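Each of the two complexes below includes chain A, the first together with chain B, the second together with chain C.
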Partner chain A sequence: MNIAVLIKLVPDLVEELEIDENGKSLDTTFMRLIINEPDEHALEQAIILKEREGGEVTVLGPSFEDMDGVLHTAFAKGSDRMIKLVDSFELGVNNHALARAFTSAVSELKPDLILTGVQAHNDLDGSLGPLVAEYLGMPFVGYVSGVTTSGDKLTVRKEYPGGLIAEMEVTMPAVLGIQAAESPPRYVAISKIRQAMKTASIEEQSISELDARGGPTVSEMFQPQVGERAEMIEGDIDQIAVKLVELFGDLGVI
Partner chain B sequence: MMESTTIDTSKEFLNQLTTATQDGERIRLCLQCGACSGVCPFGFVMKYPPHGMIAALRAGMLDDLIGTDTAWMCVSCYACTQVCPAKIPVTAGLTTRVKEEMLLAGNVPSELQDALEKAQRYDNPLGESPRKRAEWAIGLEPEVTIMAKAKRPVDVLWFVGDYASYHTRVMPSTRALAKILQALDVDFGILGPEEVSDGDSVRLAGESGLFEMLAEKNAKAFDKYEFNEIITTDPHAFNAIKNEYPNLEISYPVRHYTQFLAERLDQLEKLMKNSIEATVVFHDPCYLGRVNGIYEEPRQLLQAIPGVELVEMSHNHENSLCCGGGGGGMWLDGFQWEKAQVRISEWRVREAVSAVGAEENGARILVVACPYESPRFEDATKTVRGAEGLLVKDIAELIAEAMGIEG
Partner chain C sequence: MDGNIYVLIEHLQGRVSEISYVMLAAGRVLAAGMDGELVAILLGHEAQSLASDLVADRVLYMDHPALTEFTPEAYQMALAELIEADKPRAVLLGDTSMGAEVAGVLSARLELPLVSHCSTVHVKEGVPKFVSKICGGKIMAEGELPSPTALVTVVPGDFKAEEGKSDQPAEVTTVSAPSLEGLRVTLKQYIEPEIGDVDISTEPILVAVGRGIQQEANLELAEELASAIGGAVCASRPVVDQGWLPINRLVGKSGKSVKPKIFLAIGISGAPEHVEGITGSEMIIAVNTDPSAPIFDVAKYGAEVDAIDLMPVLTEKVQEAKSG
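What follows is the complex of A and B.
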């Protein structure tokens, strides 16, 4: 089975997010990018499928800073090919543009299955998976937490709110938005990543033009504002704790 | 950089053990007396306690050894190494290597994986922002010198370490030590955001590649600045810089802060005017005591504090019992609890209670000299009967209190 995994990088929330002077985007001065967590699960699910059913895993991602490290880690975990999409990707690139870029790169691979994370915390214009599926004319199932194959059919477990799970049959080729891999993403020792950096090569594929049509335009970006009904408790930890206990008492919850 | 690939056979692995570590060939001398496994604090829950690891390898059972997860109970406390009559380097040459193999084979508890991934990405296992490494020092007067800003040589480079920099319970001891150094007129600086984890505990948790990467980053920062010596808050950092970094050709004179302060005891005695009326026990950190032989300096400092009565726990000096945080134990709390249904820190606090007596006899303090310990022991005092009111303090906190500069 030929599996493609689409990876996106998102701002790392370990650093506080700040708004750029233009008021329409994030300030990137101290920003670091990190692999989108559901994408990490998509990669894990792809490697699990490969180990179980055989085949080849190709990982694709846009050429943001740190993408090489992410791709080498993916290789060390067990993927076979790494493709970096090369263009002047700006952080604000929307999912419509990204999906079109992925579509042109991935269609040449003729994959049986495309896996990507079901969502990312910076999806402003919908998630990536359904857009790619639409551009490729493939079926899409999101919120997937388990995949088995039989011939050209997939049986996928889709999670619904409220604790419901559905099992669905999908005909390949298909795109799946992975919520969680069957088992948590594996650890890969630094020594193996360093080996991958020495031995594995990243292929580059240039994207002729980014086409962002269909996405929204950001008119203003701002930090969450304190609502009028919120009461901010001031003071040191002890004072705040005393005040909280009083409040909980008044509310009758303790 | 050592190339790490998984080992295929028991014989190959045993051969590698005998050559990979200094005195490793002594593994062949093992008589299976089992002293190591008897003294091991978690030996009772390991499928293969130390002597059992050697027996398993001799019996060609590498796969089973690597496939079980109880080696993750090892807290790298060196008790096994200390007690071995054949002087086998059990911790350095056996248990750590077994953990490395388990890690390469992907047999890693998820809690530990999380800490290792954070150390890979953020250079500290707590997953805190590297930019905030010096935030503990905000507001101190005079300002603590950060090397990159000061652009001048200092006498002492203070390697602060992960938990001392970021952990909310440990930060007050870090600030106390800064104030003591300032009161002693020590010309010191810190690396701030340029400092990364010393890496010793990830090394002992089997991640030697990550250890080397972190050591190389610290070496780059050390190399940029001029200083006469390094002092550390953390015995693990002290151990790494003293004993492990030189193997990577990173060599600097280094002391633990208790050694540095003990040398200035005359000066300190004049400054410690407040009496602390308390019965005090000192917990010897594994990587200060057993591994590096530093037992007396912390005790000299404590005995110099007016009012302090120092007593000993039943396990003291080279027989000290681990706090449970070493060798990855800091990041395996849930895993180890599931296996053992007990925490070593709770045993230790029970010992402390026995040594210092009942609450009605006066103030009781369990004193520590390692940033892993205050949070671990303070948590344990909440669950151990009789530990109500037992205080847990770092030596630096106690000295600062005696000097009237705490807070």
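What follows is the complex of A and C.
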């Protein structure tokens, strides 16, 4: 089976996010980008399927700084090809533009299955998967947390609220939005990533033009105004613990 | 029509989902500000009774066996037909397992603009606006709802489900369904969640762990704390996706909604998908090293310390208090 995995990078939420002087976008000066977490699960699911069914996994991502490291890590984990989409991608590029870029790059691979993360925390114009699926004329199912194959059919586990699962049958070729891989993303030793950096080559695919039509225009970006923030308990660990025990006592739970 | 607002009603196993009422409440605000009609779109099979408590000027009901339960392609074809016929100003869909993929595919198919993660809408001087909550709830983005027809996926936010419910049924118009053949995605079956050892939705005390517990070994600290207080351990998405706790312990969008007396959030940042499931808690206490974590916006009390250090000390103090 020929599987393509689409990856995007997102701001690391562990870092402080600043808003640009124009007040309409994030300040990217010191922004640290990491792989979108559901994309990491999509990659894991692709490698699991390859190990089970055979085939080839190709990982594609836009040419942001740090993308080489992400692609090399994907290679070290067991993917076969890495393709970087090359254009002057700006960090605020929307998913419609990315989806069109991915579509032109991935269609030549003629994949049986395309996996991507179900969403990213900075999606403002929907997620990548359904857009790519429709541009390619393939069906899409998202919120997927398990995939098995049988001939040209897939059986996927789609998550609904409350832990309910819908088992759906999907005809390939198809695009799936992965929420969680069947098992957690594997760990890969730094030495293997270093080795990948030396031996594996990243292919480049140039994107002629970015077309962002389909997304909204942001007129103002701001940090949420908070009504009532938590009352912070000050002190060292011991003092905080004592205060919390008092609270539990007041509430009658201990 | 120019100012009409459509809301795609989500239903699952014969019940209208909560988000549908939230969207109707939001849609009411837009329709009123735009001088348009609020139109609820109900797709189903022998499901007309689901329209009985919807706040709307009218309900468009499409009946077809292929619409009995949600499948993405049937919903996309059906809704595309309705949008094309009337060209409403906006279509609200859930930012959910159902709505998100209908909106995304239709944005590409009909070349209509899409706004996701929308938590609030309002109309200012005749211009409809969205506010979206992104980056795990740390950033809000505001703008005009793009024209001609904006597809908008809505997260629970400012609007209350009760505002989308009415005891006066709206007028229902049945419309014919397009041919729903050649579907490449079909529903095989539902798999009900395993109840498991603990039902977190009924537990009075919950110790909830998130990414901040760092590694699986630290889960034991949370278990010890929970057992000292007399509660259960639950988790946010990253912990469950790592396989450290089973999915019956997941709180939030694709997990359970909880309503304990005390919800002690340990190393949980408070992403909107998680907060959605904890707003019914009587008291939320949050422990997190990041002072800007959105969890502190919903918590009553907070402490900015490393939970790994705090948990064993707190366990000990709770045990002392109980034995003393």
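Just so it is clear, the second predicted complex is superposed on the first by the 227 of 254 C-alpha atoms of A that agree within 3 Å, B and C clash if a C-alpha of one lies under 4 Å from a C-alpha of the other, contacts with A are read in each partner's own complex, and residues count from 1 in each chain.
Please note the rule applied: contacts are C-beta pairs under 8 Å (C-beta built on N, C-alpha and C of every residue); 3 or more make two chains touch, one makes a residue touch a chain.
In this text, all values refer to a predicted model and were calculated from it rather than measured experimentally.
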**Q.** Partner chain in contact with A:192 - chain B first, chain C second, else both or neither
**A.** first
Q) Does chain B (first) or chain C (second) touch A:52, or do both, or does neither? A) neither
Q: Using the touch criterion from the header, give the chain among chain B and chain C with more contacted residues in chain A.
A: C
Q | Touched partner set for A:30, first chain B, second chain C, both or neither | A | first
(Q) Just to be sure I read the superposition right, which of the two partners does A:184 touch: chain B = first, chain C = second, or both, or neither? (A) both
Q: Could you give the residue numbers on chain A that contact chain B in one complex and chain C in the other?
A: 14, 184
Q | chain A residues touching chain C - in the complex, by the definition given at the top | A | 11, 13-14, 16-17, 19, 26, 37, 41, 96, 99, 118-119, 121-127, 129-131, 133-135, 139-143, 155, 157-171, 174, 177, 179-180, 183-184, 213-224, 226-227, 229-233, 237-238, 240-242, 244-245, 247-249, 251, 253-254
(Q) Which stretch or stretches of chain C touch chain A in the complex? (A) 12-13, 17, 69-73, 96-97, 100-101, 103-105, 107-109, 111-117, 130, 132-146, 150-151, 153, 184-194, 204-205, 229-230, 238, 240-243, 247-248, 250, 253-257, 261-262, 269, 271, 283-286, 290, 292, 294, 296-305, 309-310, 313-314, 316-318, 321-322
**Q.** Parts of chain B lying in touch with chain A, wherever the complex brings them together
**A.** 1-4, 103-104, 106, 108, 110, 113, 116-117, 120-122, 127-129, 131, 207-210, 212-213
Q | Complex contact set, residues of chain A against chain B | A | 14-15, 30, 34, 184, 186-187, 189-195
